[in-house]
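In what comes next, chain A is part of two complexes: it sits with chain B in the first one and with chain C in the second one.
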Partner chain A sequence: MPLPTCFEFECPVKTHCGDRALENIAFEMRAMNAVKPLIIGDEPAAQEKRLVPVLNAFKNAEMTLGVVEAIPVEDPASVAAQLAAIYRDKDCDAIVAVGQGPFIDMAKWLNLMVSTGEENPDAFIEGKGIPRSLRPLAVIPSATADGLELSGYVRLQGKTLRSVNLMPPLLFLDPRSVGQPGDVALAETGLTALTLALEAMFTADANPMDVVYARTAAKLAAMGLNGLAGDSEIGGPLSLTVAHAAALAGCTLGAGPQPLAFKLGWAVAETGKISAAQAMGVMLSYVLEHRLAANEMPADMLLELLDSAGRYARTPEGQRGAAGLQLLRDLLNRLFETTDGKIRRTLSDSGLSLQDVTEATEGISAQGKGNASGGQETIITCAWEGRPIR
Partner chain B sequence: MLHIPGYYEYCCRVNVVAGHDGLEKIPALLERVQAAKPMIVTDRGVAGAGLIDVVTAALGDKVTIGGVEDDVPQDSSLEAVQRIAEAYRANGCDALIAVGGGSVLDTAKGANIMVSEETDDLMAFSGVGKLKRRLKPLIAIPTTAGTGSETTLVAVIKDHARHQKMPFVSYFLLPDAAVLDSRMTLTLPPAITAATAMDALTHAVEAYTCLAKNPLSDANAVSAIELIARHLMAVMQQPDNRDGRLALAVAATLAGMAFSNAMVGMVHNIGHATGAVCGVPHGTCMAILLPYGLEYNQHRNGHLTAELLFHLEGPDVFAHTPSDQRAQKVIACIREMNQSLHAITQGQHARCLRETYDRDGNRAVPFERLTEIAATAKNDPAILLNPEDLDDEDYMMVLEHAWDGSPLNRADIAGFEKKY
Partner chain C sequence: MELIYSEKRSGKSYLKQSYICVLLWFMGRAVQAASRVDDRVRKEFKDLPENFTFALGVMPAGPHLVVRRTAEGTARYLGHRITPQPVDLKMEFKHLDAGFLTFTFRENTPVATARDRLVVDGEVGYACAVVRILDAVQIYLLPKFIARLAVKRYPRWPLGQKLLHRTRIYWRTILGY
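Presenting the complex of A and B:
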């Protein structure tokens, strides 16, 4: 991959991953000069009792904890306002958020509110006015992630704020806190992570520091998805692997523009007939194939990421890109089989018409970091049919 | 392949700006941290090479420079720290820009503690985790592509009066930003380019093959290795190769991220001792000792060394080398690199300890001093994460071979026998 002649990289996230990871949380809080964290958890975390190991980890920490459990996310702005009142009332100085997806958006927004005193998200549009140091925020994600948890994105009532400063400085991935979601939910998290990671890798201006996170996230996602598709050797618990992939994929995205397949996936999900994760999972190989066909990007390394350096090296040079894409499609087919068709191979599998998809994705621009110029129609048609572009 | 340990931590919070015009981004970086009057900290060598002029020209009139302190000694000193802190206060500065290598950066970090904590007692903050809040903004501009010190959260300040080294460890010591600009290394002499690149290569290789590795440090390491493999010889042949210079600077920072998370092993362990006892430059020690470290550890981590062949030599060589010979091939390849660097530098780049000389042209490492090096190495903590232990005899065996440049006889390694 050629080195860009100019780039910037920043990832303020400190990762703690593996056995007893949660036991480090009090130490890390203290290192950031915080002793009164407000611990908040979403509804699934409460149902699965995932707050228990987190609270236990604080037992001997001699810290004053505020705890609010089973927080709904339907009305994030007013929930955040209520939590901000609790935070101030209890004189808290940090936030620990146990949960996933929109709940983490809410937690980041809460942090922005209590750190700045500003209550109107419009004050931060385009990332303006978001200070470099917010209060310490620790995120403890589950394996049912939407990929944006560790990113610099906050989605709030149809608005999007983004800034590197919104990336949570502390990440804890612990087998006890990632939960045990079903295969379909795990596969969806894995597909989201794979999409964010691969699109970041196969971008003309990818820099070697972004690639560090992207590579690792892609390999973890491939490992998790292969495990779900029936490969026996995945090394480590499946849900931790998938949660790990999604968290690092969020780091990869940071506050950068969302990649094409990711955006298309969310747009198609608006139809209500397929989840965003599945839709992007279907479209991913076509977006990459289109870039390959347009010769915008050598997708050769796909083979190494999805399989191994050995397989890559043994495959003749001109065939590596195609072999990698085939591997990606085979993976989706295998997931289709092992989940009894619940993970879709094509957009038409979900009962959507081509017209539905076209309408849903009309407003999506292919512009942005690494997105292929044009060809959106081809990508969508082929992804709907399940037919390679070539 | 992904190697996932049971538990790991990874952190690299430095904001990296890299480019042929990286320096021009500094005003924006300062604005982001609400600073407008930085003090520049550097040493005589850097200033003498005209690099401060390049920096100030790039800053233009967008930034008021609050002073240039260009007198940092080769080993950072308490006096220098105090002097810089005083000047900083007197001039009403609000940020620090460190231009140079490890000791310049350490000195700037020390001064930063004093001015941020408004203290005259630096010692009170020595140790692990004594700092509790953000310091004043600090921007690091490395002038060699090797040490990776711009990614580390430590500083070591020497108190010459008390013959003490004061260590400081805290996340608050990480620079706010590292600016990698090809102009900063464009005029680096060939022998120093070679030695510092081999230091960076060693950071990456040891991080990948020693015990504290994790998947992210591994990814840092392989990217660094690929960049060095692809660009070092091109830069040696054409020193004003800007893209190559930038690639080596990026590689050194990547390797710094790798080792500041995954630590190093016996190559640094013995290298530190060789530097301390005989004054051999760090990068030179690394270049000489790296193949020996890999050779010595091969029965423990040969499978990891073997994986590096893909990144060092590319897919074709990897595919055509039988898997049980790949580790050996990596070691041979590093020896070849040293050989080529030796040839290109007309012998300045030493291939073995015997070939190192001090400033007066005397042999830097007399054979008789190897026992002293071994004794010093035994007490250096860098050995803790090496995959295989070394006893006195092992140290001497490695040193004697590294002295005359002959490969190790692996059957002589005590741990090797224990295993088989």
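Presenting the complex of A and C:
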């Protein structure tokens, strides 16, 4: 792979993953001079009792824990303001967030609020600097992730903040805390992770460090999705594998620009007929196919990432690129079958008309990161029909 | 919506802590005994600096096993408190459960280290010597089928010598000299 002329890479996330990973949390908190963490959990975490192993992990830690459970995410700005008041009144000095998606965004915003004293996100949007060192924040995500938990993004009521300083410094992935979501939720997390990872890998200006993270995330996501499609055994709990893939994909994204398939997926999801994860899963193969053709980039690595080295070796060199893209589409077809049609193969499967999709994705620029101009229409048409571009 | 805040103390696992406390107490006395009985352990201690003190325990507040190398080149068990004396080498498990895994022989020291459950504060070379000492002591104290779980490689020592040393170490451990 050619080395870019110049690049930057930063990942401040320390990951603890695997059996009894949660037991390290007290040690890590002490290492960051925290003695009274505020442990917050969202509603699904409270229902699935995922806070219990976290609280147990603090046993013998000689700490006082502030706990707020079952936090709703409907109005994140006011909830974050209430939590900030609790944090200050009770003299807490760290945050442990157990949850997923928008809840983690809220936790990151809470951390920014208590670290800077600024309660208005517009101040940061208008140029106020996000400080390098915020208060300690540990994130304990579930396997139902939207891929942005570990990124430097904070989405708050239509506003988006992004900075590498917003990436949580601590991540804990433990089989006890990731939960056991259903096949559809797990597949959606896997598709999001796969989208972020493959988009980061197959760009004209991918930097080598991003590729290391993205490659591992793509491998883990593909392992999880193949396991869900019932085609292969995976070496470990399925939900932990998928949660790890999503976390790595978030680290890969960091505070960089959102990739095209990701943006298109979220835009199509605004129609309410398909989830963002499924929409980006459908879009992914077409975005990649178009970009690789436009940039004359080899797609053969896709085959090795999505399946095994054996299959890669069996396939003639000239067929590997096409086989990789076909494998990506075939993965969706198999997931469609194993989830009784709940994972869509094409955008038309979701009941959307081509016009709906076109309207929903209007205003999203396909430019940049090696996307050729005029490709968006082709991508959307092919993703709607489920037909390869070439 | 009103959020409900509650405050909790982190709690204690008295049973696990008591087990580790007793085990470390016994092991500390056994290290002292082994340094007077076994040539390998004696040699390891002779190679350590005079008054070198090491501690093995659990974060944040113990229990610990504190042992000092004496002027004669043997070991002296100093008790379970780490604070009264300066310690040259601290080996601590990050969490009581991590220590409990190792001290119930479900995970040996190299595996615990590989899984990042152990923190070493001091010279790594001395830490390796201490691990060798602890391995030798565990081989003497434990029956083979358990000791195999506790050490990386079970050594082939002459059976007669092992049984004789084991008896002497047990006696000295119980009597504390």
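By our rule, the second predicted complex is superposed on the first by the 374 of 390 C-alpha atoms of A that agree within 3 Å, B and C clash if a C-alpha of one lies under 4 Å from a C-alpha of the other, contacts with A are read in each partner's own complex, and residues count from 1 in each chain.
The rule is short, and it goes like this: a residue touches a chain if its C-beta (ideal position, glycine included) is under 8 Å from a C-beta of that chain, and two chains touch if they have at least 3 such contacts.
Note that this is a predicted model, so its numbers are computed, not measured.
**Q** Pick one for A:26: touches chain B only (first), chain C only (second), both, or neither.
**A** A:26 contacts chain C only, not chain B.
**Q** Applying the touch criterion given at the start, work out whether A:90 contacts chain B, chain C, both or neither, answering first, second, both or neither.
**A** Touch partner of A:90: chain C, not chain B.
**Q** Kindly classify A:68 by the partners it touches after superposition: chain B alone (first), chain C alone (second), both, or neither?
**A** After superposition on chain A, A:68 lies in contact with chain C alone.
**Q** Which partner does A:309 reach: the first (chain B), the second (chain C), both, or neither?
**A** It touches chain B, and chain C stays clear.
**Q** With the two structures laid over each other on chain A, which partner does A:128 touch: chain B (first), chain C (second), both, or neither?
**A** Touch partners of A:128: none, neither chain B nor chain C.
**Q** Tell me which of chain B and chain C touches more residues of chain A.
**A** Comparing touch counts on chain A for chain B and chain C gives B.
**Q** Going by the contact rule set out at the top, does A:55 touch chain B (first), chain C (second), both, or neither?
**A** The second partner, chain C, only.
**Q** Starting from the residues of chain A touching chain B, keep only those that also touch chain C in the other complex, and list them.
**A** 16, 18-20, 24
**Q** Tell me, which parts of chain C touch chain A in their complex?
**A** Per the stated touch rule, the residues are 1, 3-13, 17, 58-61, 94-98, 101, 115-117, 119.
**Q** If we count contacts the way the header does, which residues on chain A are in touch with chain B in the complex?
**A** 3-21, 24, 31-33, 132-133, 169, 207-209, 211-213, 215-216, 219-220, 223, 235-236, 241, 244, 248, 308-310, 312-314
**Q** Quick one: in the complex, what on chain B touches chain A?
**A** Counting only chain B, the residues touching chain A are 1-2, 4-22, 25, 32-33, 129, 132-134, 170-171, 214-216, 218-220, 223, 227, 243, 246-247, 250, 254, 257, 307, 310, 315-316, 318-319, 323.
**Q** Within the complex, which stretch of chain A touches chain C?
**A** Interface residues on the chain A side: 16, 18-20, 23-24, 26-27, 30, 55, 57-69, 71-72, 75, 79, 82-83, 86, 90.
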